[in-house]
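Letters are used for the chains, namely A, B, C and D, taken in the order the chains are written, and counting of residues starts over at 1 for each.
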Amino acid sequence: MRLTDKQCSIEDAIARIQDGATVMLGGFGVPGTPFALIRALVRHGARDLTVIKNDANEPDMGVDHLLRSGQVARLITTHLGLNGHAIDLMNKGRIKVEFNAQGILAERIRAGGAGIGGFLSDIGIGTELAEGKRMIEFGGKTHVIEPALRADVALLHAARADSFGNLAYAATARNFNPLMAMAADCVIVEAEAVLSLGALDANDIHTPGVFVDHVTELAALSEEYAVVQR
Amino acid sequence: MRLTDKQCSIEDAIARIQDGATVMLGGFGVPGTPFALIRALVRHGARDLTVIKNDANEPDMGVDHLLRSGQVARLITTHLGLNGHAIDLMNKGRIKVEFNAQGILAERIRAGGAGIGGFLSDIGIGTELAEGKRMIEFGGKTHVIEPALRADVALLHAARADSFGNLAYAATARNFNPLMAMAADCVIVEAEAVLSLGALDANDIHTPGVFVDHVTELAALSEEYAVVQR
Amino acid sequence: MSNANDRLAARAAREIRPGMVVNLGIGLPTRVVNHLPGDFPVCLHAENGLTGIGPTLPPDRADRNLIDAGGAYVSTIPGSAFFDSATSFAMVRSGRLDLTMLGAFEVAANGDLANWKIPGKFSPGVGGGIELAQKARRVVVLTTHTDRAGNPKLTECCTLPLTARGCVRRIFTDLAVIDVKPDGFHLIETAQGVSVAEIKEATGAPLIVSETPLPSF
Amino acid sequence: MSNANDRLAARAAREIRPGMVVNLGIGLPTRVVNHLPGDFPVCLHAENGLTGIGPTLPPDRADRNLIDAGGAYVSTIPGSAFFDSATSFAMVRSGRLDLTMLGAFEVAANGDLANWKIPGKFSPGVGGGIELAQKARRVVVLTTHTDRAGNPKLTECCTLPLTARGCVRRIFTDLAVIDVKPDGFHLIETAQGVSVAEIKEATGAPLIVSETPLPSF
């Protein structure tokens, strides 16, 4: 037995994304954001997208390119604090924004990846975060039902991959990437290095390649990854 | 800042377990089963235990020692196929056995570790596995509500640990161990080696030490870990 | 009998398409791997936490920490990955398993499968079987056509507790290959030297047989 | 003012007991770490996926992949671990966080906290704050006693959207340390040179003051 090779070009992978698609984007702030895949999605031009990402990066960076090109109809996120432009679009009604508690967003995505319909949580009860959500009494406690989240496509950034799509992330660039890898029908990964099979220790793989559909090696690291004074 | 040292003796750690406690045991078959901690629990003698483990090991091995000593009132598990003695006790009504689908048991434990109340699943609907479970319509589908599982104590086996309790498992000895590490009020780990802080790469830790309360280095590997013809 | 089972395993191996992720259940299904070419592109999944199962190993070469879900000492191949039990079943339930091959006590003409419990006789627990049967994209069964007493295992309805409803798409037996379609069992191949009449006789439900000659295996 | 904030951060640092797992929110709480002895036994948690936060680093020494939840380039210490966002909040929600220090727009006398939204003015999203506030075993607030306009931030009731109900146990301000108990705010320490009358004046809810002299910080 041998494992298949899932390498393809960024353009071929991104070409699969259709108008109206739901797209998950890895990353928390800069680390783990798939900047090259996002640029390709801007070039590709698919519109009316629902984007799921922890944050909206910063002005003129990552997610913000998709906002400026008018491709995003809806953003499911946790915090836009570093991108005033995104907040402005939200306040003007140009994009719909759904805020989730950060760990609840992570857990909803993981639930989608785990093939379950949702989960019971007491987070946000008594605050406006729980308003409009279905409540249930279970095990002697009140819970909200948080629905699982899945996407048509997940765009991820990994430090190292192999040709089957096994992935390893670096430091805090891991964040939402392994969760989204589980939760999309088509998982596309940009990797800083794509290694031969066996180069990653089977014990140290963060995302098993079974979850991954396409992997592409970055010719150069996106400029956004340069360390800057923030 | 520095991280605390959580090393202690097996006896001191196990002494915390009280009669009536719920105890999770890592392992799938032999790999990952905490044989030394189980032996200490037999010596300790706590009774009326609810044990949660994927399986009951084999006759005269691991869980079976606890069954023979009469310490187990209830077993939450997925499959007893390799332990006819456990099946016999079940059929005679000497222990109560609750069977879960394997992935549902894993997910219920993880849910306990994630601090959520339970989750929605369609597994087992239309079979006797779903009988008696609360059902709910959600998102246009019928689900059963699977309650989260937590334990008073989890007993785990790791290949390598550091003194803070960061853990790495070997190969398929991982199985339920990292899930149970999240889901118990007191997590006790036997490790084949306890290394100094920093010896485990921060990227390759399977269970962060924050989840772990006590870690103990095995003086010798339990005889059950010898490779035998099965 | 062993010859017949080998032939059935060899036939079932052709069910596996290049690039699939496949889980092989305990028993007959495990033998299928012996009938794949050594460099066949497939990813075998073991629900105890391994993708990329390599050949089984004798005890003197085994890794004590490396078993499949049936407890056999196995090996890795380049690109294998280890993971926990929740991640393993996340793969199964979220549709990343293209195919599973399972054993059976009974398969009904509507695709119902019973393979985990015989009340009063055999009740070791369901293990991972229920999720494999319910969630793999394609479920096929490998089984002897009749039980040891000669009773059919392919029946109108299951009498034993179900593993999953309507899940089975194809059945490989020592006598035949049978598809499960909305209108019931369809005979699509016969074992060499076995007549259609013999197969009908051994099947506990109507068998739809096309007019055209069937291939044999 | 900066002096006062340093003093408040130094006082709050004494809240951290050896061996605790602690999450320090963005802003004032982050400064607390500067007031811990270099070898103090504590595990700092960053909700973006790190336990064992080490000192912040200047850009020329930073790792581009290693930030805290506020986006600052940080470092590791021996025993640090990285993990995904679901695992990170599993730690929080399952009770493995001994203490969190948060900022506040308003804290009510019943422990209600508002710190994430000012309708019409400031609505960047709640981030991880709600789970920290609701699930850390102990929640303390670090804040200026009044807002820039001089209005009290410690009030009878919160008027802004809540982060979590009844979660705050202790408040560290530039003027005082105040405990939140079932019967309301209890003054337990005063900043040097600040009178109890001044503190009462700056507090928007009744302040319970014991007869015995209070320590100052």
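Following the convention adopted for this analysis, a contact is a pair of C-beta atoms (placed from the backbone, for glycine too) under 8 Å apart; a residue touches a chain by one contact, two chains touch by 3 or more.
Protein names from UniProt, one per chain: A, B = CoA transferase subunit A; C, D = CoA-transferase subunit beta.
Every value quoted in this text rests on a predicted model; they were computed, and no experiment measured them.
Student: Using C-alpha centroids, which chain lies at the maximum separation from chain D?
Tutor: Chain centre farthest from chain D's centre: C.
Student: A-D versus B-D: which interface comes out with more C-beta contact pairs?
Tutor: A-D
Student: For chain A and chain B, what's the span in angstrom between their mean Cα positions?
Tutor: 32
Student: For chain C and chain D, what's the span in angstrom between their mean Cα positions?
Tutor: Centre separation, chain C to chain D: 57 Å.
Student: Which integer distance in Å separates the CA centroid of chain A from that of chain D?
Tutor: For chain A versus chain D, the centre distance works out to 29 Å.
Student: Using mean CA coordinates as chain centres, what's the chain B-chain D distance in Å?
Tutor: From the centre of chain B to the centre of chain D is 36 Å.
Student: Residues of chain C that contact two or more other chains, please.
Tutor: Each of 82-83, 86, 89-90, 92-93, 135 in chain C touches at least two other chains.
Student: Could you list which residues of chain B touch at least two other chains?
Tutor: 107, 114, 116, 121-122, 169-171, 202-203
Student: Chain contact topology under the given definition, line, ring, star, complete or other?
Tutor: Other.
Student: By the touch definition up top, name every chain pair that qualifies.
Tutor: Those chain pairs which touch are A-B, A-C, A-D, B-C, B-D.
Student: Going by the contact rule at the top, pick out the chain B residues touching chain A in the complex.
Tutor: These residues of chain B touch chain A: 107, 111, 114, 116-122, 134, 136, 138-139, 141, 143, 145, 147, 168-171, 201-204.
Student: Under the touch definition given earlier, write down the residues of chain D that touch chain B in their complex.
Tutor: Residues of chain D touching chain B: 18-19, 21, 33, 36, 38-45, 51-54, 76-83, 86-87, 89-96, 135.
Student: Which of the residues in chain A come into contact with chain D in the complex?
Tutor: For this pair, the touching residues of chain A are 28-32, 54, 77-82, 87, 90-91, 97, 99-107, 109-110, 122-124, 126-129, 159, 169-179, 206, 225-230.
Student: Any idea which chain D residues touch chain A in the complex?
Tutor: Interface residues on the chain D side: 46-50, 59-60, 62-69, 71-73, 82-86, 88-90, 92-93, 123-128, 130-131, 134-135, 161-165.
Student: Inside the complex, what are the residues of chain A that reach chain C?
Tutor: Residues 1-4, 112-116, 162-164, 166, 182-183, 196-198, 202-203, 205, 208-211.
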